[in-house]
Every structure is written in structure tokens, then in C-alpha cells.
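Think of it as A, B, C, D and E in the order they're written, each chain with its own count starting at 1.
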Amino acid sequence: MVLKNRTIKKRSSKAGLPPGTLVHVGEKKANNIRITYLDYDEQNFEEKSFAKIEECFPFKTTPTVSWINIDGLHDVEVVEKLGKEFELHPLIMEDILNTGQRPKLEDFDKYIFIVLKMLSYDGEKESIEAEQVSFVLGKNFVISFQERIGDTFEQIRDRIRNAKGRIRKMGPDYLAYALIDAIVDNYFVILERLGEKIESMEEEVIGDPTEKTVQQIHSLKRQMISLRKSIWPLRELIGGIRKSESSLINETTDFYLRDVYDHTIQIIDTIDSFRDMVSGLLDIYLSNISNKMNSVMKVLTIIATLFIPLTFVAGIYGMNFEYMPELKVRWAYGAVWLIMITIAVIMLFYFRRKKWL
Amino acid sequence: MVLKNRTIKKRSSKAGLPPGTLVHVGEKKANNIRITYLDYDEQNFEEKSFAKIEECFPFKTTPTVSWINIDGLHDVEVVEKLGKEFELHPLIMEDILNTGQRPKLEDFDKYIFIVLKMLSYDGEKESIEAEQVSFVLGKNFVISFQERIGDTFEQIRDRIRNAKGRIRKMGPDYLAYALIDAIVDNYFVILERLGEKIESMEEEVIGDPTEKTVQQIHSLKRQMISLRKSIWPLRELIGGIRKSESSLINETTDFYLRDVYDHTIQIIDTIDSFRDMVSGLLDIYLSNISNKMNSVMKVLTIIATLFIPLTFVAGIYGMNFEYMPELKVRWAYGAVWLIMITIAVIMLFYFRRKKWL
Amino acid sequence: MVLKNRTIKKRSSKAGLPPGTLVHVGEKKANNIRITYLDYDEQNFEEKSFAKIEECFPFKTTPTVSWINIDGLHDVEVVEKLGKEFELHPLIMEDILNTGQRPKLEDFDKYIFIVLKMLSYDGEKESIEAEQVSFVLGKNFVISFQERIGDTFEQIRDRIRNAKGRIRKMGPDYLAYALIDAIVDNYFVILERLGEKIESMEEEVIGDPTEKTVQQIHSLKRQMISLRKSIWPLRELIGGIRKSESSLINETTDFYLRDVYDHTIQIIDTIDSFRDMVSGLLDIYLSNISNKMNSVMKVLTIIATLFIPLTFVAGIYGMNFEYMPELKVRWAYGAVWLIMITIAVIMLFYFRRKKWL
Amino acid sequence: MVLKNRTIKKRSSKAGLPPGTLVHVGEKKANNIRITYLDYDEQNFEEKSFAKIEECFPFKTTPTVSWINIDGLHDVEVVEKLGKEFELHPLIMEDILNTGQRPKLEDFDKYIFIVLKMLSYDGEKESIEAEQVSFVLGKNFVISFQERIGDTFEQIRDRIRNAKGRIRKMGPDYLAYALIDAIVDNYFVILERLGEKIESMEEEVIGDPTEKTVQQIHSLKRQMISLRKSIWPLRELIGGIRKSESSLINETTDFYLRDVYDHTIQIIDTIDSFRDMVSGLLDIYLSNISNKMNSVMKVLTIIATLFIPLTFVAGIYGMNFEYMPELKVRWAYGAVWLIMITIAVIMLFYFRRKKWL
Amino acid sequence: MVLKNRTIKKRSSKAGLPPGTLVHVGEKKANNIRITYLDYDEQNFEEKSFAKIEECFPFKTTPTVSWINIDGLHDVEVVEKLGKEFELHPLIMEDILNTGQRPKLEDFDKYIFIVLKMLSYDGEKESIEAEQVSFVLGKNFVISFQERIGDTFEQIRDRIRNAKGRIRKMGPDYLAYALIDAIVDNYFVILERLGEKIESMEEEVIGDPTEKTVQQIHSLKRQMISLRKSIWPLRELIGGIRKSESSLINETTDFYLRDVYDHTIQIIDTIDSFRDMVSGLLDIYLSNISNKMNSVMKVLTIIATLFIPLTFVAGIYGMNFEYMPELKVRWAYGAVWLIMITIAVIMLFYFRRKKWL
């Protein structure tokens, strides 16, 4: 929800500006912009960190695969300069800076632009945090933009550094795939957390539901809705890369994309069945409340129907009429007790037959 | 709802008239018709205001981009004259005047006709007001029709006046795009308001729901339904412009339209998840009522089951039988008190075990 | 519902007959068959009424536009003769006579066959009455079949008589369009009525719901379902005419059909949002019942928990034990009152804190 | 349900057998297999009944239309011999014998294979009975397989015998159409029954619902589900015949198929609206229960809140304190009555204002 | 559920590894890997069991059909060696080892890769166990991978051994079909179990629902959800094989695949109607609770409204006023009894009219 409204606020605050105006829309999540640079081919490997964006421009034309990663988007100028140098369309740069994008793919002839959501689970707040990651995939480079320092790409960097797997032998399209794959793989971690939460919620609902339970179920539902919204467009996106027939995507990479595509569908499937489960939780909760009410009612009814008639009998012989012959009879008191006990026993039998006891 | 039925009334009052009959169907929202005129190319810029529609006819053939804006639709004659001069199809003119249109696009060879809904949020009435805006996009002109004075286009006029952005360098298709973009951007403002309303409603539902809450939730739901109805066709509409292959739409503009298209999808997504949330609110509300009933029942049951047996005991010794041996025993009164307290304590233990206390 | 089952009964009573057998299936809604005839082109106009169907056969070959209208379907022979003369397919004639058709379009080479439902709102019974109208559109004629006298076409006849609008200048396809348009326009009248009914029902539900309210909501829902069933196929039907590429449909008429198509979508949209509203009504109604139950429970609980303990206290001192020291104390009676008032005040405070008062 | 599970049991009992193994899966519904034979063209007609399947083999090559009908499927050998003679694919023969098929169409070059469900309403058990009917449509023959003797085809036989309608003039494709049409027409009879049942259930729900009502609604719902499952594939099936471009289907027959197709859609539409109605019934039922509970609660509350305070007052003056000045006052008894009546009147006013009375 | 989350855990534990890394993800369900080998053509048949995977490599090039079956996936090396020998894509081998796959089909030129779920019903735990089965279909071999020893293929082995049916005459594509068919046929067994469970649950819900019932309904629902998730992709998968135009699939086999396809649709249909039934169960359960509450309330109300007024009357004459003339009247006591009985009778009549008795 937080994520949701923030997105809209961001956009609504921009309403009316000419399209293509570069403004960073979103929270400032990093203090400094960090520019890192990885350059590799099968034999060579180089890793650098820059203070100024201009320093990485010379690498633009090298035949090796270059991966420029920018952490932090609040310095509009950096993005602008980079965009000019790499001839990015102004609306692309606007999209990079506006962190309220829907995941999407745009295929230009010279480069492919991809926007994704990187999710992380904040254990303390019990909420899912989303960070926008954009990729520009060019002929021999990948530029990635992140909102803050820290990502799920460390293992990819390791693979490049140590020439693990086939990444060093492949082109920038494989790198882009690897980055997307890392993000999608990370969704499984989020799903696992949600799955655990649903299971613990389930035990709570069955065992000992409190008045807060509905709200928690509701909040789980909302997390599912916003998660689905972040992931659903991915399916189309990856399908789009595969269908794009862009010269930037190698045929061998296509097979790997198919793999990510399968994972995306699996994730969406899982979210959908999670939603069904959460809806089921609400049903259990509501029928639990009904059951409790029912058992409260039964106790009340048993006590009341047991004692009200008896109290009436006692009331009768508490009357002060002068002429009440029973009052004088010696065994009358005992008889009244007998009558009362009989009534009570009949009642109890009745309750047992009705299965209230 | 108001919007809804009004639309139908409008239409139903026209039932049977020959198609193409020009009648203004809708409320008269403006006293005077205001005709304004903007003419520009990269170098030149001219802005005028007319009393008579005929005064702007000479500009029809100028090679510059002309934007004729008409505020107020109740003067049928103005639209009629304009329609004849610009050779608009009679049904188009009927659509302009009939403010109960569904957003739509009609592609003629010489011009493209677009109907949209401009929304504004009336803070006082807490309702969304809709105004119909129609565009006719020709080879070198855009004519816009609005129901009343006042719109979200002021920033576009500023951009044209001050040659900000690329608007002065582009043709009328870019102008049409900018107008649509302004309307769509404004939807985000409406969504933000609705989001705030949902959040405050959520706090109310969890914290202190009153009997009015359901009605408010219901009215929110209806706003969402009518909002969705206004915006949903937009998706198809903008998709339609992009696919139209009309010679009136420049290729460069297409990219911008893709942007608006993305925003439209984002808005529809948001409305859908708002709907889910509002449905969730109702669930919370209903389970809150159940919970309250439950707690009311518990109090009743505790009091009743605690005192009804005790009252019975008191009733027993209030009987006036002559022969009741207990009454003569000195410590009997104390004993009865003891029995009563024991019963009460057992009851309280039972309630605690049942977690009612 | 009535409409619904009647339709099925009609069909089921025909089960087993060889296809193409001409039997009038449906209620006899008119006493006499009325055959009227309008013949026109731009210059000439002729209007006649016939006793025998054969009298209109000579007009079959005239180059002018001929509109033959038949009110009343119970005389199978009339339809049979007409069908033979105009070479209609036997199944078409069967469809005309069987008033339980779904709206549909069938494109033969020589003519187009259209079945529609004309709806009217019966204010007394508060129900929607449906009448089947069939059209056969040929090269220079339109034949229309109605179940009973009285229709929504009077304004079209006036337009033809008085040469209003463009109808006299256009061919039979425009006439067919005008007839369909009149029927569709009339749906808006029905929708307006339903809208009013929903609004008044809404006030009733919020203000003063009775036990009948659910049934009324349910009946509204059913009207909506059957309305949707009558109108939904229209969309496909009109889309079908437009796509048919039949030589019988002029290109200029196509634009008008687009207009009817838009209206149909608008009507379906409206019915859908009406359905949502009616569902919403049920939610409000149910939560109203819950709220009432809750308030009834509260009153009971307040009274019972207030007086049951007090009655117990009174019961204690109504006991007849010989040794009850309090009874002898002079100020005891006052003290008991004091205790009782204290208990009551505490209870009331408790209720106020629980917000039951 | 019965039908449902039986189907699965049938299949599951066959799990593991090699495909194409001929086993009759299903109940044995007939004692004897009955083989009947109709052979006709426009001039000639012949009808026979055989003891052995081989007797009808000679008719295979006659140019006339041959309709071989087999009632009873438990004699696997008969189907096997027939299949070999007519060169049917082994899986087709398996499908004929396995009565748990989904309605389907399979187009071979030499013949078309169709499986349908013939439904009948068992008034006593109030359930819908399904029987599987398979057709093999060849160049000059139709072979039909039924589970038991007795069908809805008698009228078709009459038409052939008496040369009624156009059936004798047409080929085997028309015969196949007529058989399908007879089955589909019979569905309307079933729908009529269901419609009546829904209406009577509706009256029961509104008037005098019992605890069994939910179960009956539930069973209605299940009948609807299984009915829909039997009929839904028909739509596709008939659409499939029409699209098949098989040389076995004549162009003239296509028009008749269109008619059956329309009926199928109408049936599905009707089932769907029946489902909506049945769901509505449940809503009414549940709100009826709530209303009743509410009225029970009101009676309890009125009585309790009326008498509990009065009983308390009576309790006060039933106390045995020695010093209770009121007891000595002469008019006190009357005053207490007055107070009690006043309290009761106030209470009654309060209830009336709350609209509980 | 168990299955569900396990799957995600498996994946999430792999997040970040380079794609194509061979790790067995899933439970180790077998102690030893068992490699069995069947080689056959129409004349010859050979069956072996190997200790080492390398032993079966020589059979790779024989022209006969070879079926290599591997039970147990925990020995990554075996799969790796096999993969290298048969030139399988690394991602394929990863998919084989990762038992959390969604059923899918991948068509390479040289082989087709198929992943399926083999289900079995664990009667004790009342849960459905899933095992992943993968097939690699090559030009003259089928390799199958299973998680544990024991499968539903025994009957296929028998058919091969004894040359039953047409399996020995057909190629590896028919073998693959037979294996898929065996798995799908086994789903019917699972469905039968679920159907029985639903029926017994139904009886429980109608007859004697306990508080555990909702949970059981909920767990049934979840089983249905996860079952649907396992089976749903099958439809697409088998459709995919049929559309693949792979040279590995013979035309004759296509017909058999159509058969499996039909079964798959039938299974999905059945699961869908099972879901509807289970939802219906919840409705019955909830309305049962409501009904019970209602009857509890009625008993309470009857007793309370019957005795509370009577107790009040008794209370009146229990008051100790000195001047209460009634108390002195001889017949007063009898009269009070009469009044009480009259009140009770009136009450009982009232209850009967309200149909509470």
C-alpha cells in the first residue's frame, strides 16, 4: 500500500510538466551516487569505481562487454550526461528517474530498455520493499540503474571476476539475462517468507484468533495484490524480449530466457494460490467467530433455561397469600425440591439430545 | 452514480430523434461560450480570443499549427458552423454536443476525432466530477471542445507561449498527445485523493466504525466503478491511435503515445487494486460487527450465568413453607453465602478457561 | 424470469418437430394481423395498409425503398406466403414465428436476417416486457415482423413522411439501421427506469429496509440478468453487420452502425455497473440487519446486566432465615439501596466505556 | 454428482490397460442388444431389425442412406465386428464403449465421430439421467450407439417412414444433424423442468424455508454444474463440424447446423442465468435466517427488558428488613403498581420508537 | 501446501547460483539409484538392470527402441554423465534435478524434453504426494527420470515384455505417449479418492458438522488448488506436443495424444466442478451454524418469555406490604395460578403461530 500510494503521489506531483523533463521522482534512498564499472571478455577482466560519470565514457566503444552500474538516482545530472553520451531517448531517461514505473520493456533499434522491480523483505516492518532497477542493453554494454546501494547481483559479479560458468564467454545479452534471472530468483525468497507467514497465520486462525487477525489477513492480502502487480507485467516483458527479434539478443540466450519465463509463470501461479489460501483463512476466521458465538449462546441458554423455571417455582412459594394450603403441608418443601430436580434432569436430557452438552 | 444516471437520462431524452440532429444534451455548465485560439510554429506564436466563431475560420488554411479551444457547448450554432467549415461528419458534431459519450476514437481520413473525460475532484461534495472533452485533430489544427471554462491545459499553453520543451517544434499530433497526456496525468491526482480516502476509511473501519461506514464504503466502491468506466476505454483508444496508421500521426509522436499508454495501464491497475482494498474494507467491517456482537454476548452470558443460579438459591430460601428446617439453623445464612460464593468462583474459573474474561 | 421460462417452454413444446415446420411459438399478443406498407425514394412517398398480404407483392420489384411491416405473428399463413414470395429460407420463417429467439444476424446473399428484442417497461407490474422484432433487409426492401401493434418506430415513419433528416435520400440499409437505432435508443429509457428503481431501492435499504427488501433486490438482479441476456448478443450482431461485407450494406451506413455499436457497449457497461450496485445493495442490507441485531443485543444486555445483580441482592434479603443479623439493623435497608445504586452506576460507566450507550 | 463420480470410477478402473483395449466401461443398462436398421432415399424406404450384427454388413455399400442404430453396449463383440467392417479406428471403438466421455467431435477423412450426452429427467428421483450417444457419420451411412433402448429419435424415424419434411431428400449428414437436433431440443425439456424447480424452490425460500432448503439449493446447483459440463463442449463440437470443411458435410446442412449452434448457445445462456438465480436463492435464504434470528431476538429483548426491571421492583419489597417504612404506608402497594405500569409504558414507547413493535 | 512451499524453498535456496549448475534440489526420496533398461523392436526384447550409468551408453546407437529409466535423482553425477553422453542442454539437466518444476515441454531439434508430476494418494496422511517425472524423447530412445523407485509404469513394461497391444510395433514416441497416458490415467484414481472424500465430507456437513469441519473443507480446497496447479499446464503441454511438428512425433501417435488431451480436459473439468462442490460445502456448513444458532436462540426465547412474566407475577405477591388486600382473599391464590396458566397458554399459542414450536 505504502508503495502503491507513493507511486501515485510521485506521478501526481509531476502532472503538467512537459514530457521528457528530467526530475528525480521518488525518495532519495542513497546519499551518494556510486558508479561502478566491470569490463570483460573471455580473457580479460577489469573492475573500477568512478567518482565522475564522464570517466566511463571512453569505455563505450571498446569491443569487450561493459557493465556500468549506477546506484542512486537523485543526481539528475549524472543520468542526463550518461543519456546524452549513449544517445538514450529523453523519455527513457525520464523513466529511469521516475521510480514509479510499471515493469516494462522498450525495444529501440540500438538498445533495449528494461524496467524491473527488485524486491526485498523487511523482516522488522514485515513488509516488502520495492526498488526500481532499469537496464539499458546495448551492442556491447549493459547500464544498470538502481535506487540504492546493495543488490542481489553480487554473485553475478563473482562469477564474472572468477570466470565461473559461461558468463565470460557470452555477450551483454547474457549479462542482462543473468541480472534479470538474479532478480527473479530473489522473488522466490520473498515467496518463501510469505508462505511462512501464511502458514503461521493459519495456525493462529485455527488455534487462537484475536481481533487483530482480520487486519493481518487483510494486510497479507494487500501484500499479495501489490506483489502480483509488480510481477505480473514480467511475464509479458520476458515474452516480449523473446519475441523481439532484436539483433541484440543472441539465439543461445533465448533458451535461458525461456527458463526465466518459466520461473515467472511459476511465481505468478504461486501468488495466485497464496491468494486463494488467504481468502480461505478469512472463511475459517469468520466461521470460527460464528462457532464461538454459538458456544457462548449455548452456555447462556443452558443456564437460563435450567434456572428460570426453577426460580419461578421458588417464586410461587415465596408469595404471601394467606390461604396457600401447600405451605402448611409437612412434606411440601421436600416435594418442591423433588419437582425442581426432576425439571432440571429433564432439561439436561433435552440438552444432551440436542447435543449442546 | 449521479454522473451515470444523468448520462442515461440525457440519452433517453433523445430517443427517437433522427441521428445527426444537433441538440446539446447535458447540463449547461457555462454561461458564455469562450473561443480561444493559439497559432504557432517554431518561430511564430499568436494567441487570440474571439467573440464569434467565424473569426477563426481564416486560420484554417495557414500552415502553422492552430489550436482552437471552445469552452461551453450549449450554443449549438457555434458547433454547427464550425463543423460545416471544417467539414466534420454530422454524427461527430452530435457526439461533441452529447456529453454522455464513452471515451472513444474515430479515425476519418481527413481528421481523427477523440472523446475523453476530464475528471476533477470536488473536495466539498467528496465526489468526482466529470467533464467531456472532445478533440478534432486535422492536418494542421486541433480543435478542442470543453463543457466549461477551466481546464488542466494551462501548463501546455505556457509551454507553447514560452517555447518550453519540444512542443513548438512538433506538429498538431504532438499537441493532441500533450492534451491527452495532461488529462491522463490529472487522473493520478484523482487516484491520490481516492487513495487517501481509502486509507482514512481503513483507519475508521479498524478503529471506530459507525453505521454510516458501510454506506461510505459503498459510495467509494461506486466511485471506483464509475472511474473505471471512464478510464477503461482509454486503453483501447490510445492503442487505437497507435495502430491507426493514420497519416496524421507522426512516427516520433508514437513513442510519446506509448508513454501515455503505459500510464493508462498503470491507472487501471491501481483502480483494480483499490477495488480489492475496498472489498477488503467491507470484510473487516463485517467481521468487526461480528466481533462486537460476540463481546456483547459474552458480557450478557457472564452476568446472566453468574447471577441466575444465585438468584435461584435466594429464591429457594424466600419460600414460605412452614416446615423448612434449614431456616431455623443458626449458621444456615452464612452457609448459603458460602455456597453462593463457591458457585460464583467456579463460574468465573469456567469463564477464564473459556477465555471469555 | 417469466420471459425466460416462457421461452424455454415454447421451445420445449416444439421438441421433435422437423426443422422448418412453421408453427407460431409464443403468446398471441395481437388479435388481428396488421400489414402496413411504406414506399419512398427522395421524391416520392406512399403509405398503405393492407388486409391481405398478397396485395403488397407487386411492390417487391419497384426500385424505390419498400418497408413492409407486419404486426402480429399468430397467422402462420401470412408469414408463409410472404416467405415464399420473397424466397426466404424456411428456417428464417421458423425463426420469425418462434418468439424465443436470441438476438442474431444471419447473412444470406440476397438478404440479411436480423432478430432483436424490443423492450418496454410496464410501470404497473414493474417488469420489463420483451417483444421480438425481426427484420429482413433485401436489395430494395425491409420487412419487419412484430408480435403486437404499437412500437417505437413512429418517429421514423414521421421522418419518412416529412422527409426529415437524410432517411429519404438513403437506401433500405439506412432504414434498417434507423429501426435498430430506435430500438437501441429505447433501451436507454429502460435503463433510466432501472436506474431510478435502484436509487429508490438504495434509499429504502439505507433508511427503512423491510423483510421484502431482499426479494425486491433479488428481482431487480433477475431483471438485470435477463436484460443483459437480451442486449449482450446485440454487440456481436452489430459488429457482425459491419464486418459482413455484404453488398446490401452501404459504406456510408457503416458509420451510423458504428454509432449504434457504441451505444450498445455503453448500455452493456451500464447494466454491468448496475449489477455491481445491486450487489452492493445486498451488502448494505445484510450489514444493516447485523447492525440492528447488534443494537437489539445491546439493549437486552444493558437491561439484563443492570438488573440481574440487583434482583439477586433483593433476593438475598427476601430469604426467610431466622438468623439474618442485617435484617434487624435500622439503616440496612438504606444501605442496600446504596449498594444497589453503586452497582448500577458502575455498570453504566462500564457500558459507556464500551460505547454501548 | 452420481454421474460425475461414476465417470471417474469408470476411467480409474481402466487405468493401465493398453489404449484401444475394448472393454465396456459403464453400467449395463440394457439386457439385450437391439440392432435396428433404416435404409432410405427419396423413393425407397426399408426398416429392419437384426439379431446379428453381421446381417447389416451388406448394406454398407448401398448408395442409399443407411442408419444403423445399436441399443446396448455391453456386448463388446458387436461393436468390435462393426468397427472392423466399417474400418473404425480402435480408439473410436474404445470411446464408444467407454460411457464416461466428454462430448466431442473427431474428424477422420472417411468418417466423422461424434459423442453426445442424451439427457432425461427422472421425475421420481428428481435427478437428471445422462446416456451416452455416439454417432459415426460416413459417406452414405450413420451408425448410432446408445446405452439403452428408448430414445428421443422416434419422431425422426416417423419423418423418415412418412417422408415428412426434407429428410428423405437429404444425405446422411442431414440425418446426423436431425439426430443432434433432437438431442439438443430435448435439453430444452430438461431446462423447463429445472426452471419449474427453481421457481418452486423460490416460493419455498421466500415463504417457508426449512433446514433442508440449503441442501436442496445445493443439489440444484450441482445439477446445474453437471448439466453445464455435459452441454458446454457441444458449442465447440457443433462449431467444429461447421468449420471442419469435411466433404461429408453438405453446404445446405451447414445452415441447419447454425440453427443447432444457436440453440446450444441459448441453452448455455439459460443455464448460466439459472446458476445466477440459484445463487440468489441462497442469498435470500441466508438473509431470511438472519431476519428470523433478528425477530426472535426482538421478542426476547422486549419481554426481558419489560419484566426484568419490574421483577426487580417486586424483589425490593419482598425483602424482609425490619425497618422498611414504605411497607407500612397504606397507599404504597398501589404506588408500586403505578410505578411498574409507568416503567412498562415507557419501555413500550421506547420499543415503538425503535420500531421493534 | 507442503508440496507448494517446499518447491519455493528449493528454488529460493538456489537463488544466485549460475544457471546450469547441477544441484539436486528436493528431498532425497530413494537410497540407491536404480538404472533399468528395456530394449525392443517388433521381434526382439531385452531387459537389464545396471549398476553404472556408463553401461547403457553402448545402446545409444542401436536402431531398436531403448527405454532407460532412472529411479532416484540425488546422485548428480549419474545425470551429468548421461546428459553429456546424450548431448542434453545443461539447463535440461538442471530441470531434471530440480524437482520443483512446473509441468512443461521443451522441443529441441534432437530431442523433446517433458516434465510431469506423478501423483499418488497417501491414504494415511490423507494427502496427495507428488513426484516429478522427466522424459527425454530422442530419435530411438526414451530416458525417464523418477524421484523414487515404484511407479505406475509396470503395466507398460508388461505390455512390452509380452508384446501386448501395439506398443512393440511402434516407435519411441508411442512409448512416451504410453508413459504420459499411464500418468494421466492415474490422475483419475486420485480424482476418485477426492470424490469419495467430498461425498463423505458432504454427509458430515449435512449430518453432524464439528468445529474441525471447516478446516477439513479448507484442506480439501487446498488439495484441489495444488492438484489443479499440477495438472493445468498438462493441457498446454500435450497441445504443445501435437502442434510441435517435430520429426520425433509420428502422425499415428498424434491420434493417441488427442486421446490423452481429452482426458486432461476431462480431469480439469472435474477438478473445477469439485471446487464448486467444496465451495458449496462451506455454504451449507455456514448456514448450518446459523440454523443451529437460530434454534438455540428460540429455545432460550421460549423459556425466558414464558417464565419471566410468571416470575414477575409471583414476585408481586411476594412483596411484604402491610396493605395488600388480594393476599387476604381466600380464592386469590387459585386465581393467580389461573392467570399464570392463561399467560403461559397465550404465549405458547403465540410461539406456535410464529412457528417456533
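The rule is short, and it goes like this: contacts are C-beta pairs under 8 Å (C-beta built on N, C-alpha and C of every residue); 3 or more make two chains touch, one makes a residue touch a chain.
It should be emphasised that the depicted structure is a prediction, and the values quoted were computed from it without experimental measurement.
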Partner chains shared by chain C and chain E (touch criterion as defined above): D
Shared interface numbering between chain D and chain C [over half = same, under half = different]: different
Chain B-chain C separation of Cα centroids, rounded to whole Å: 26
Geometric centre distance via CA averages, chain E-chain B, whole Å: 42
Per-residue multi-chain contacts in chain B, two or more chains: 290, 293, 297, 300, 304, 308, 311, 315, 318-320, 324
Ring of chains, enumerated from chain D in the sense that reaches chain E first: D, E, A, B, C
Residues on chain A engaged by chain B in the complex (per definition of touch): 1, 4-5, 7-9, 11-12, 14-21, 89, 91, 100-102, 104, 106, 211, 214-215, 218, 221-222, 225-226, 229, 282, 285-286, 289-290, 292-293, 295-297, 299-300, 303-304, 307-308, 310-311, 314-315, 317-320, 324, 326-333, 336
Chain B to chain A touching residues, read off their complex: 152, 154-155, 159, 164-167, 178, 181-182, 185-186, 188-189, 191-192, 195-196, 199, 206, 255-256, 258-259, 262-263, 265-266, 269-270, 273, 276-277, 280, 283-284, 287-288, 290-291, 293-294, 297-298, 300-301, 304-305, 308-309, 311-312, 315-316, 318-324, 354, 356
